[in-house]
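Can you read through this structure? Questions will come right after.
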């Protein structure tokens, strides 16, 4: 035991793990006091209050869903309560909900107009439950061109803010062209599900990822973003389980592609890496309903205060502003 | 000249990029005379072949001269074919011929094939009488097979070491066979050595070539508590740290120098190690010489 | 007080890690109020001979007094590799390791392989815990060189049902089950096993989408703060605890989660 920790030990303020390990379970365990440094050479431990840090930032969740598994209004109502609980618990002022058609029929995504209309109706209903907190994105399938156009109009008229699409059709498929043009007119962002996994969506297909073949990958975003530089694209959930280093590097030179940080993964350094590669204006806060991680990964990053504010709120709000749907 | 100095002297880069010293002076390493280091140590090669990988014994002699190897214990195990008494006698004849051609420099290890029990025992005695020292065996039968028992007992009475080819690779010889390589199923693996060494604590075993491509960490760890198993450092592999690891796990007395005809690596890996002078001497020469001493064959 | 029961130093071969030395991790701890971390060396997952990794960790912790004050080292042991019994003894008796991490998937043995059972029993006999991970990284972002337990394929990632057989085989050992991933519906027997065993989960795993529900399901004595640092971000594991409402967990329960349950598991009180 060093002189220093002997002194501490006698003073009874702190017992180190080291001395505990030496003496086994016999020694009483006293708690170090947070504000006292453990040694002279050591930086004092901050008394870090995570909930205070959480409360410090306004937040706009750019990627969050209603209950994706149910069409039952009661189930959705109950789920909406959990969304509101999240918004209060983690101080998220606004949630942009979506309900893309994720259902597979024999391994093939359900791409029917009935499915996307039904899904949008669910979002519209949930939005109305807590209009101050909840807004929504519409979904569609561009291979049904007319139905999709009609649906976009219907949903925009009812206050929805942007598009959310899934893996029915790749984002750079020609069927998207008229839709993208429509979205340019509306000045709204197109938020598309995306992945980077070996064996998925055309990326290193010698591995089998057992996924629908039209999952969009970064190369598809790069392609469509180049064709339509005036359009805005949201590459979904860089924390969604895929290789986020690959994603950010691939999207670096596509200034009209934004990424959201949502997803169940919260690898250390993910947010820093995204900002380093894409700049502080193209990274958007999102949860994809993984609430703890979504906030934790940004607070744990090395971003500046300004950058945190941009990511939590301002970047997406600026996008919404273009279409006149900004939060404030 | 240091690498940094070399880069600086290139046409494009400016020396100021390397710390801003305008009068950059390249640093130099301390002079090291490798060949002097090579020649400093007496060496006995405990694992080497003649008439196998690199042809007739003249080639062995050439490398002995080049690298200061005083003595080689050559062998010609049955590496292919059936391994009948006719085969192993023929190979031992080749070895004997090489010995006779370079007396004092080459000594033969005899080989046998233990399913031919009676012939093997006779062959051992015959070759010992002709001056060969030590048994070298291959992959026909595992070292802990009961067929080996009488052979091992014979070697105990001769006070000579049993040098057995070995391997430690996934899917070979019974080690993690979900990865089956289909290679020589009777290859002896560390577990087989451990088994037989416990049964015959008076016998001496040489686990061949920890540099032979297998997992040397696994092998050395397996033998930590088995004082009658020795390893030789031969083989075509010379991973940095291997010799140090072997000495750390087995102690400085149970590690032999050997080349398995991979001469450069064999010497390089020991010179590059962190061993002390006295440890180097032991590994290059003394340890194996001590084994030879037991049967009265040591080199003065 | 905050004790992190799931942290590492060392490298992940397929991605650069930040904060992956004792020095950098200590900065992290100081910045975010973590008093003590249980750490292992990630390299032990990849070295065939895991003892080299344990030695590295031991050396690093010994290199500064401030490290031994704040880190509790766990050894990585592979029970199908030669010499592991010696390694375990050396780790515990000479290097002061206070537990053992076991990686059946990376080291390629079944969780109820006789060797694994023997290892768990030996650690139990030292009075120390063993730790198993659901997974190290998300298989969807795996390198082509990483193990091939992949979500959505026939060889899926592990869930709790894949880990419980060892708890069943050695019910009186102490278990830390880390980085909770992949939901599974337990049978009443399995749930009973989780509840009766001396077993804790850490709060780093992504499947804990609502901490309060997990506390209700398994009990407040079954969780302890963990980060899975440096692979996962340093705060999400803490957020799961601190964002609990008073109605869901009072200060006493929060203290249990911050350090009380960990202390019990680690024999610190």
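We just call them A, B and C in the order they show up, numbering each chain from 1.
Note that contacts are C-beta pairs under 8 Å (C-beta built on N, C-alpha and C of every residue); 3 or more make two chains touch, one makes a residue touch a chain.
Quantities reported herein were computed from a predicted structural model and do not represent experimental measurements.
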{"item": "Graph class of chain-chain contacts, one of line, ring, star, complete, other", "value": "line"}
{"item": "Chain closest to the assembly centre - both centres taken as Cα means", "value": "C"}
{"item": "Rounded Å distance, subunit B centre to subunit C centre (Cα mean)", "value": "42"}
{"item": "Distance between the centres, which are taken as Cα means, of subunit B and subunit A, whole angstrom", "value": "59"}
{"item": "Cα-centroid distance, subunit A relative to subunit C, in whole angstrom", "value": "27"}
{"item": "Contact set on subunit C toward subunit A in their complex", "value": "1, 15-19, 26-27, 29-33, 35-36, 65-66, 68-72, 96, 98, 127, 137-142, 144, 150-153, 206, 208-211, 229-240, 242-243, 245, 259, 263, 267-269"}
{"item": "Residues of subunit A that touch subunit C when the two form their complex", "value": "2, 4-5, 16-18, 20-22, 24-25, 28-29, 31-32, 34, 38-39, 41-48, 50-51, 54, 82, 89-90, 195-198, 204, 207-211, 240-245, 264-272, 289-293, 295-297, 299-301"}
{"item": "Complex contacts: residues of subunit B adjacent to subunit C", "value": "176, 190, 215, 217-219, 221-222, 224, 249"}
{"item": "Subunit B-facing residues of subunit C, complex", "value": "48-49, 80-83, 86, 108"}
